[in-house]
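So, here's a batch of structures to check.
First subunit A sits with subunit B, and in the next complex the same chain sits with subunit C.
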Partner chain A sequence: MTALAQGDLAGLGSLAPRRQRFEAAPYLYLAPLILLLGIFTFWPLLHTAYLSVTSWNLNPGVPVRYVGIANYEDVIDSDLFSAALWNTVVTILVSIPLKVLLPIPFAVFIWSMGSRGEIYRTVLFLPTMISFVAVSVAWLWILSPLGGYLDLVLSSVGIKLPPLLTRAETALGTIIGISTWKIFGFHVLLFLAGLTRIPHRLIDAMRIDGASDGVILRRLIWPMLGPTTLFVLISTVIFTMQQVFTPIDMLTKGGPSNATTNLFYVTYQYTFMNFSVGQGAAATVLLFVFLMIVALVKFRLFDRFVHYR
Partner chain B sequence: MVRLSASSRAIGHAVTATLCCLILIPMALVALTAFKSQPEVYSALPWPQQPTLENFRRLFAVSFDVYLWNSFATTILRVAGQVLIAVLAAYAFARFEFRFRNALFALVLGALMIPHSLTMIPIYIMVVELGWFDSWAALIIPNLAFPFGVFLLRQHMMQFPKPLIDAARADGASHWKILWRIIVPNMGPAIAGLVIVAFIECWNEYFWPLLVTDSDKMRTIQIGIRRFLDSEGVDSFGPLMAGVTLASLPALLVFFVLQKRVMDTFVSSGIR
Partner chain C sequence: MAAITITCLSKTFGAVKAVDAIDLTILDGEFVAILGPSGCGKSTTLFMLSGIETPTGGRVLFDGDDVTAMEAKDRSIGLVFQSYALYPHMTVRENIAFPLDMLKIPKTLRAERVARAAGIVQIGELLDRRPHQLSGGQQQRVALARVLVKEPRLLLLDEPLSNLDASLRHAMRSEIRRLQRRLGLTTVLVTHDQIEATTMADRIVIMNRGRIEQVGTADELYRHPANLFVAGFIGSPAMNLVTLKPAHGEIRVGAAAASLQDRSLASVTVGLRPEHLRFAAEGLPGRIALVEPMGREVLYEIETEIGVLRLLDPVHQIRHREGENVSIAVSPDNLLAFETEEGRSLPLTVHASGPEVAKSLVRSESLP
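Moving on to the complex of A and B:
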């Protein structure tokens, strides 16, 4: 859609007297990408907004019915959605110290080792390569209370492993733990990349002025890591909803009693488990609003950090 | 470089080494269990006493060969398409002056920030209406746009030495020729990095193939593992660990062959 509109406008533009001759070439090079983005990214955003005010059950034989804001009311009033919102907020709050701040000291330590830190970097990167399906099944086995590996080891010393994934009190924490295992090393590497951008002469200059390592860390390294920290923070928020879909779907299906669902998983539950497209779309629009708020916070924070970029 | 004191270095090594163990031990346990016989799976001894391929045999008895083929074929087709389309678009952004260039580029950057979760319902409906449900087309075509690739390749093409291109232009070379004969052959490392990132992302994908495939003939390896878990239950840990090992192998192999490039491109794809 977009490509067509843009193409037409470009044609009109070329009729106006301009110094440059109209060239079709760049539009042809761009056409496949813009068409795909229009059809599979931007149009679906609009279509979702439309679906959110209709009622439909994914059955092609059943007509789509306009219902106004009823879906939004249903979704916001439902226990499922409030559980999803609550779990998402809890996950984000727990993830900030665990996945955003804790990797920093590791990165600083490995950075201080120079090229000898290579082995640590390599090992820390490994979970990034492994699919979340593999990670989920592996932890399902290790944590299983019936013949799982940890259970086998613990029972030989007389401890009974509790069913972590099937208890409402521990399920969300377990999912957070598994996702931390998967992402932690990658965040260490992101901070390492941020650290290597700090010019050595600044550190040398501070040292000549008699600054101790502690002062250098506090006054130079920590502020210089600002943009990376912010970036990791934002990607953690998105990761918390998007990627964590896999362990939730594989291990708990959002349960027990909605303890592990989140703002993304809930849209899947509405649409493909309850076959309520309208409610799924309404939940998607609410997710979009949530992400926009996160993005706004990001830009506000960026203004404060911008002089370090 | 900051030089830490001897004591904080010792603590650093201890803590970081512990973290590495937390990563490596589960991976080793999985890989070793894949070769255990059925009774041995329930022994606390980490390694198999009589290594066997029985677990892998059970997987291939339930069409894991088809899953692997689907994963390889759709990944290769999709990555090839993604990179080709990204190269063309990056060339337009890097080498042409045209109306709406900045607006269109902003569109690409915007797409970079729209997660799959916001667009899945209409794409699913479209796939069904087009009759693509449960086909390779559904796995490949909706994912062919690769905004990060466009962004990265444009960056590299803008840094490409201008005199080389001007010389080719003076010799009467067309844009098409310049792109494929001069620019692309000199962008090997950037394109290789991109191919690897796209390959691993696609190979490891769960959500989309779960949504648009349904039959044994079309499942990818990741979905195959999930179905095996559903159908055989959690008491088939041996074959499940074999499946996990099998599904992780291609990405890990790529990583060990091209370590540094893989890490660098992943980190830069993170900092987008």
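Moving on to the complex of A and C:
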């Protein structure tokens, strides 16, 4: 029977009965990724959660002490954390018009210029390619109230440059301005990529149907940029905090009087400036919750708005 | 509805003359097809009529009014694009209503007109779908409805059927034609498909390399091609073109003979349509080189002393095998002659004398 079956089924390999058996190969292929994710993502996640309920000052000789939710209470009650939360919300709200909406008219303008727009695209994209540390040093010099470049320019017309980075009222705005300047070209590029999805015939068709440039922008380009806009919006909300870590650390260290810190920088402040590992971990867990909420909103928005191919 | 006159219309892209000083008049309510190979300037001409492209020279008149400098949105035209150009983020209803929206038509009237236009092209049940949920034929209908809804004075169609499959193309062809007749719309169709042009249009404009080669009805183009290009372009299978040396101003193919007006010509190109050639007891001797059964008819390739000729035999059985010797006859009425160099058509006078000719004339009448 077996011999017969083998002979008959020799040419029908896929039809021959096959025993379910453990396949090691797929897991072997996945192993490096699982290992890396485990070591660098999931283990730190769990360990942070553990650290957030302990008290420790980074000193290996000092024992780690369990303190329950005391760190969370301390962090939530602290002026530093509420300043960080407030600055984060302000930064996000101000970033949306500056980094998400403002690049759209620039992209449309460059797009409408065709190949002549390439020079502007390149110029706008340049800041994206420079290291943010170098950018921060350059801006530190430009904005210096004592003989900085901007000070020289303004004093030639009789205006005294205020110390933008060392005043609580202007420091956060300055940081947001620098981070906008840095990311702007990249977002313009993303919108330009989104615009290439719009066939030129659609614009011709709208024009024949009687649409003015304004109507084409509102009724065709804006809705068709929907997926790109949403992507830029989400990445702005999530990455702005991370993005401004470097200029904050280089220019203000979160000050003056907590005016420029944010939810991201504050975890660094707790852990590596105050050496309170538990509070840093607690702030990190709160940041994690905040980002999860953002991610949830993001999925809802995608379902609602990105409804066509 | 509008009558259209274009005079000396030109469009150059850099050094390339896409459209080279063409003149054309289209009557009110007429259906005109612009036919030509790709890159002949037919779409550019259409886009200049629509106002999307600005001419580099010449004028476009609608009912005598110069619209050359007028913007597309003010011309009251409808254009169906090859890609249909439906707005992907709008429903079918919103797509069709869009031109009315731009015309500031009141909401109540708008719904009525959308329903009417959708009814004309029979897509009433698709109004709440989005373009990507429709088949190619349905998208085509939506594109037509969006154009018809604004009651344009000129309908422009840019290869509207080229993205449809064969059976749907056939159905849409007659549907568009019926619609155009019923609405009396002045229509310009751009196509590279001669069947599309001949079946739909009242008159056909043949374009080649930015110039108009000939304007006429399908019958005129078929029977009296103005030059070699039109002769070779119109008709399927393509016309046989052979170069002959006239003797005393007379050309002869087998028993068929005709006289040229200009007796001094050393060489002329003679056009013989494959469907006008037939097997005969006497005539031009030849040898079958290839047999191509086409179903209803059989196409034979025959080597003769004047060159390889294709003969389309209306008898669907294969009557002659490859290698067989045959004789070919043609009615002298069906001979066409062209200048070999310039390609211009040459008038021919048929000799009515001789029993062979008379016989072949009788036989040609019996052909379908």
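The working rule: the second predicted complex is superposed on the first by the 272 of 309 C-alpha atoms of A that agree within 3 Å, B and C clash if a C-alpha of one lies under 4 Å from a C-alpha of the other, contacts with A are read in each partner's own complex, and residues count from 1 in each chain.
Definition applied: contacts are C-beta pairs under 8 Å (C-beta built on N, C-alpha and C of every residue); 3 or more make two chains touch, one makes a residue touch a chain.
Note that this is a predicted model, so its numbers are computed, not measured.
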Subunit B versus subunit C as contact partner of A:Thr196, first or second or both or neither: neither
Partner chain(s) touched by A:Asp209 [first = subunit B, second = subunit C, both, neither]: second
Broader residue contact with subunit A after superposition on the shared chain, subunit B or subunit C: B
Which of subunit B and subunit C A:Met224 touches, first, second, both or neither: second
Which superposed partner A:Asn274 touches (first subunit B, second subunit C, both, neither): neither
Which of subunit B and subunit C A:Asn57 touches, first, second, both or neither: neither
Partner chain in contact with A:Tyr27 - subunit B first, subunit C second, else both or neither: first
Set of subunit A residues, in rising order, touched by both subunit B and subunit C: none
Complex contacts: residues of subunit A adjacent to subunit C: 199, 201-202, 204-212, 215, 219-220, 223-224, 226, 308-309
Touching residues (chain side subunit B, partner subunit A) in the complex: 1-5, 9, 12, 15-16, 19-20, 22-24, 26-27, 29-30, 33, 41-44, 85-86, 88-89, 91-93, 96-101, 103-104, 107-108, 111, 113-126, 128-129, 142-145, 147, 150, 175, 200, 203-207, 210-211, 222, 225-226, 229, 234-235, 237, 240-241, 243-244, 247-248, 251-252, 254-255, 259, 262-263, 266-268, 270-271
Of all residues in subunit A, those that touch subunit B in their complex: 2, 6, 9-10, 13, 20, 23, 25-27, 29-30, 32-34, 36-37, 39-45, 47-48, 51, 58, 60, 106, 108-112, 114, 120-134, 137-142, 144, 146-149, 152-153, 156, 181, 184-186, 189-190, 193, 200, 203, 213, 216-217, 221, 228, 231, 235, 238, 241-242, 245-246, 249-250, 264, 267-268, 271-272, 277, 280-281, 284, 287-288, 291, 295
Subunit A-touching residues of subunit C, taken from the complex the two chains share: 50-52, 71-73, 75, 77-79, 81, 83, 85, 87-89, 98-99, 102-103, 130, 132, 146, 150
